[in-house]
Amino acid sequence: MNKKVLAILLVVAFVFSSFVLAETVNLKFLHRWTQEPDKSFFEEVVKEFEAMHPNVNVDIQTVSNDAFKEKITVMLGTADAPDVFFSWPGEFSNRFIRADKVLDITSYMLEDGSMFEYVGSQLIPFVYKGALYGLPYRLDGKVFVYNKEIFAKAGIDKAPETLDEFMEDLDKLAALGMKPIAFGNERPWAVSHYIAAVNQKSVPEDIWAKETDPAVGTWSDPGYVEALHIYADLIPYFNDYTNALKHDQARVAFMQGQHAMMYLEIVEIPEIERTGPEGFIDKIGVFPFPATDGPGNQSYLVGYPEGFLVNSNTKHPEEAVAFLKFLTGRQMGRLELEMLGWFNGIKNLVSPDEVKPIVYETTQLILNSDKMVNWLDSSLHAKIWAVYSVELQKLTDQVTTPEKVMEAVEKIATEVRSEF
Amino acid sequence: MIKRKPLYILNKTWINAIFWILMLLIIYPLFWMIMNSLKTSTELFINSFALPEKPLFQNYVDAWNMGFADFFLNSILVTVSSVAVTVLLSAFCAYALARLDIKFKNLILYLIIGGLLLSPQSALISLYKIFDALNIYNTYFAMIVPYIAFRIPFAVFLMYGYFKDFPGDLEDAARIDGCSTLKIFLKIVMPISKPIIAATAIVSSIFTWNEFIFALVFIESEELVTIPVGLSRFRDALQTNWTGMMAGIILASLPMIIAFIFMSKSFIRGLTAGSVKG
Amino acid sequence: MNKKKYFNYLYVLPAILFVLVFVYFPIIMNFYNSLFRMTSYSDVKTYVGFKHYVKMFNDPIFYTAIKNNFLYAGFSILFQVGLGMVLAILLEGRFIGKKTGTFFRNTLFIPSIISIPAVALLWYFIYNPQIGLLNGILDVVGLDQLKTAWLANPKTAIYSVIMMSQWQYMGYIMVLLIVSIQKIPKELYESAVIDGANEFQKAIYITIPSIKSMLAVTTIITFIGSFKLFSEIFIMTGGGPYNTTQVLGTYMYRAAFKFDEMGFGSAVAVVIFAITFLVSILQLKSFKST
């Protein structure tokens, strides 16, 4: 009698567990933060999501930043592709969208109104041909971070607002016997941020907006050459060995007080607080790239959010999108603030007294900008950027001219257009 | 015969001096690296020549915890398994070609040793497609399998030469006693062949421990990464732990150096037996 | 009796399978793939015939890459084989005691067993213009006008990488030659000494001719090794500055994984294969003739 009961119980248990097991959803989640504190943040996000959805198991995969740009293309082509993955919006993501590898999440975001939780300007980067493909995880913008003490010593009492003022200030700083701007361009994404700023200011908005489309862009507007002249004028004020230094090596020199300013991403400010000398964080101020008198829209800010996309081939779109929403939503946004000192794209996430003034000030810059200009390297077709970046390094070493740079860019753009 | 005056430079002091300078050129950079790996990042940037204020062994602990422990384990796993299989398969193969009766013996031999002519780099892209199709991309197998395949030619080459020179009496005696070929191979030949097996294992280990390009391309997840790739990825665009990376470099080099110091004879025999650089 | 013969084939079968499937087959696939345009994340494959090869042979960067490989080969043969031979002869001569000789030999050998990424990163730091060892030393000895960004200066970049490799491998080749020298029968030297030959003459007339075959072998493996170059360049310069340090290996990687042109990358792989295969055949031929 007992044996029979046991047998029946076992069978029931088997059937029941296979039901539950059959329901277990496995999601692959790929991000690019192999180091702390971000690594722990994502682990926490996954833990909380799994707690809320007991039948979902999320597998985290990490690939470090420099390798990521090359690896992601390869990974999306394999059977092992992630369900939810990190990406930079712009051409970097668009080519995946064109190859039908990204899920259109417009309907998911509209059906429960969650789309309106996000700051509009931070969703726009993830829109392609009228549909929404991803959600922002981290706001970012590029500004000049300057050392107020050094500025004061040079007799500068306020941050420059126009290019002319900026050039005057640079001369005053150079008179102190230093190279005013810290800049490490060993990996040329660094110069792409400068060029994004000057390009967009020197070229009319409607031309610039279409230029990054590889099927259409010609790069023939004279404004691009003018932009490079503005950049070239800055070169004498950069530190030595610009192309030989890594970005963070230059940043250390800046934090040591060897230079007056550095063009940095706003997300680096918590990093400065964490690794910089005692009290340095209170000495700094920020200002966006100064306005020029060029034909572009001067109120853009350089910087695009980073975010996550869903693989269109995912076997579990509902769960994947739910995870995406959770990862970039309000609850995790608060956690992000707590653990990383940084913001995601949710509206009114934080009040001014919750963060250091410098952090609040800079994020307001982002939230108040009309629109953002994407980092140049992720907005361009890979081949165009390959040529552009090499030419820019030559320009930084002062072995070529702005005219020759744009000649080379126009040539490769023509070649790329023929592929479409 | 007239005794020519020896060139001025060819005397004991000069020659020894030249060698000591070479020693300096080799040892000092390593010393400089070790010294800097014990500093804080700030100290490093202020003066890279100075001795560290306080030796920061914590850097090594950090490097270990920050992922180096995983790289190390992965390297050991991949190296041990691929070398074991390589030696095993190559031993069987080399023995058979050297001492057993097989048709097309020479063709097979040339085929396998011909593999030495083919560079791993050329196979990179095709292997990537093959591994994806087999669904082993981004797994340990994606490293172990090609390592075995590309090491077999050299291993067979090494062991073939050794087995060919083997005196046949032991085997004949055993065969008369009724032992099967397999038994002869396993119980008699292999135990005596320890030196060549060791040499083969060592040479194959050096290759797999230090291999870079396959490990770079076939592996995506940080969790599976081996030391060479881990080292080069031990940094992120916006945050680099410089001194940690230096500690990592030292950690990565130590195992091989220590192994060499204890087993230099075997190393050199293995490397010179075939005189072919991996 | 037949059963036994078939059983014997089992001995060689696994090895053959591995080599055929994972070494030979991929190389053959390369030829096929090089005629198409394909990316890694899309399943579309377009036939383009020999277009990739035409583009490659018209690309100045391709020629820079080949030039760098040859440059590398030249320097390597000069330093690793040439200088390595001199050092080997000296170490085996009577000017250096056995114990110190072994110490010198082992120390010079050690860099060759450190993994390339470790050596590349070590030298990356040495060459760093701000905090590196090299510029620091130049400062100390008063030669600071020679300071430069060694890896970012197009004039010095490739040579900086080349010299790093010499540092790493000179000891390795030297050891190979030492072993050969040790095999030379002592009687040859004895008769020379009776004739009144000095060290220099002994080296030129006896040692060097006796290790001819090893010299040939080391020259060829150094040459082939120069065409397999990848990690050093990849880690230290990424092919820069302005693509001046590209070599065939990095050129292929760049095409396949940066530009996502797997077809073009396969074409480069075919070229790398052709060059290394031809030279390897040379090695076999010369090995057979000695």
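For reference, chains read A, B and C in written order, and residue numbers begin at 1 within each chain.
Please note the rule applied: contacts are C-beta pairs under 8 Å (C-beta built on N, C-alpha and C of every residue); 3 or more make two chains touch, one makes a residue touch a chain.
On a predicted model such as this, the values are computed, not experimentally measured, just so you know.
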| item | value |
| --- | --- |
| Chain whose Cα centroid lies at the greatest distance from that of chain B | A |
| Of A-B and B-C, pair with higher C-beta contact tally | B-C |
| Cα-centroid distance, chain A relative to chain B, in whole angstrom | 40 |
| Computed distance of Cα centres, chain C from chain B, in Å | 15 |
| Chain A residues counted as touching two or more neighbouring chains | 74, 77, 249, 253 |
| Per-residue multi-chain contacts in chain B, two or more chains | 45, 128, 217 |
| In chain C, residues with contacts to at least two other chains | 40, 130-131, 257 |
| Footprint of chain A on chain B - complex, ascending | 41-42, 45-46, 66-67, 128, 132, 135, 137-138, 217, 220-223, 233, 235-242 |
| Complex contacts: residues of chain B adjacent to chain C | 1-4, 6-7, 10-12, 15-16, 18-19, 22-23, 25-27, 29-30, 32-33, 36, 44-45, 48-49, 89-90, 92-93, 95-97, 100-103, 108, 111-112, 115-130, 145-146, 148-150, 152-153, 156, 181, 206, 209-210, 212-213, 216-217, 227-229, 231-232, 245-246, 249, 252-253, 256-257, 260-261, 264, 267-268, 271-272, 275-277 |
| Complex interface listing, chain C residues touching chain A | 39-42, 128-131, 149-153, 240-243, 257-260 |
| Of all residues in chain C, those that touch chain B in their complex | 4-5, 7-9, 11-12, 14-16, 18-27, 29-30, 33, 40, 87, 90-91, 95-96, 100, 104, 106-111, 113-118, 120-123, 125-126, 130-133, 136, 167, 171-172, 175-176, 179, 195-201, 214, 217-218, 221-222, 224-225, 227-228, 230-231, 234-235, 249, 252-253, 256-257, 262, 265-266, 269-270, 272-273, 276-277, 280-281, 284 |
| Touching residues (chain side chain A, partner chain C) in the complex | 70, 73-74, 76-77, 96, 99, 101, 186, 240-241, 243-245, 249, 253, 382-383, 386, 390, 393-394, 397 |
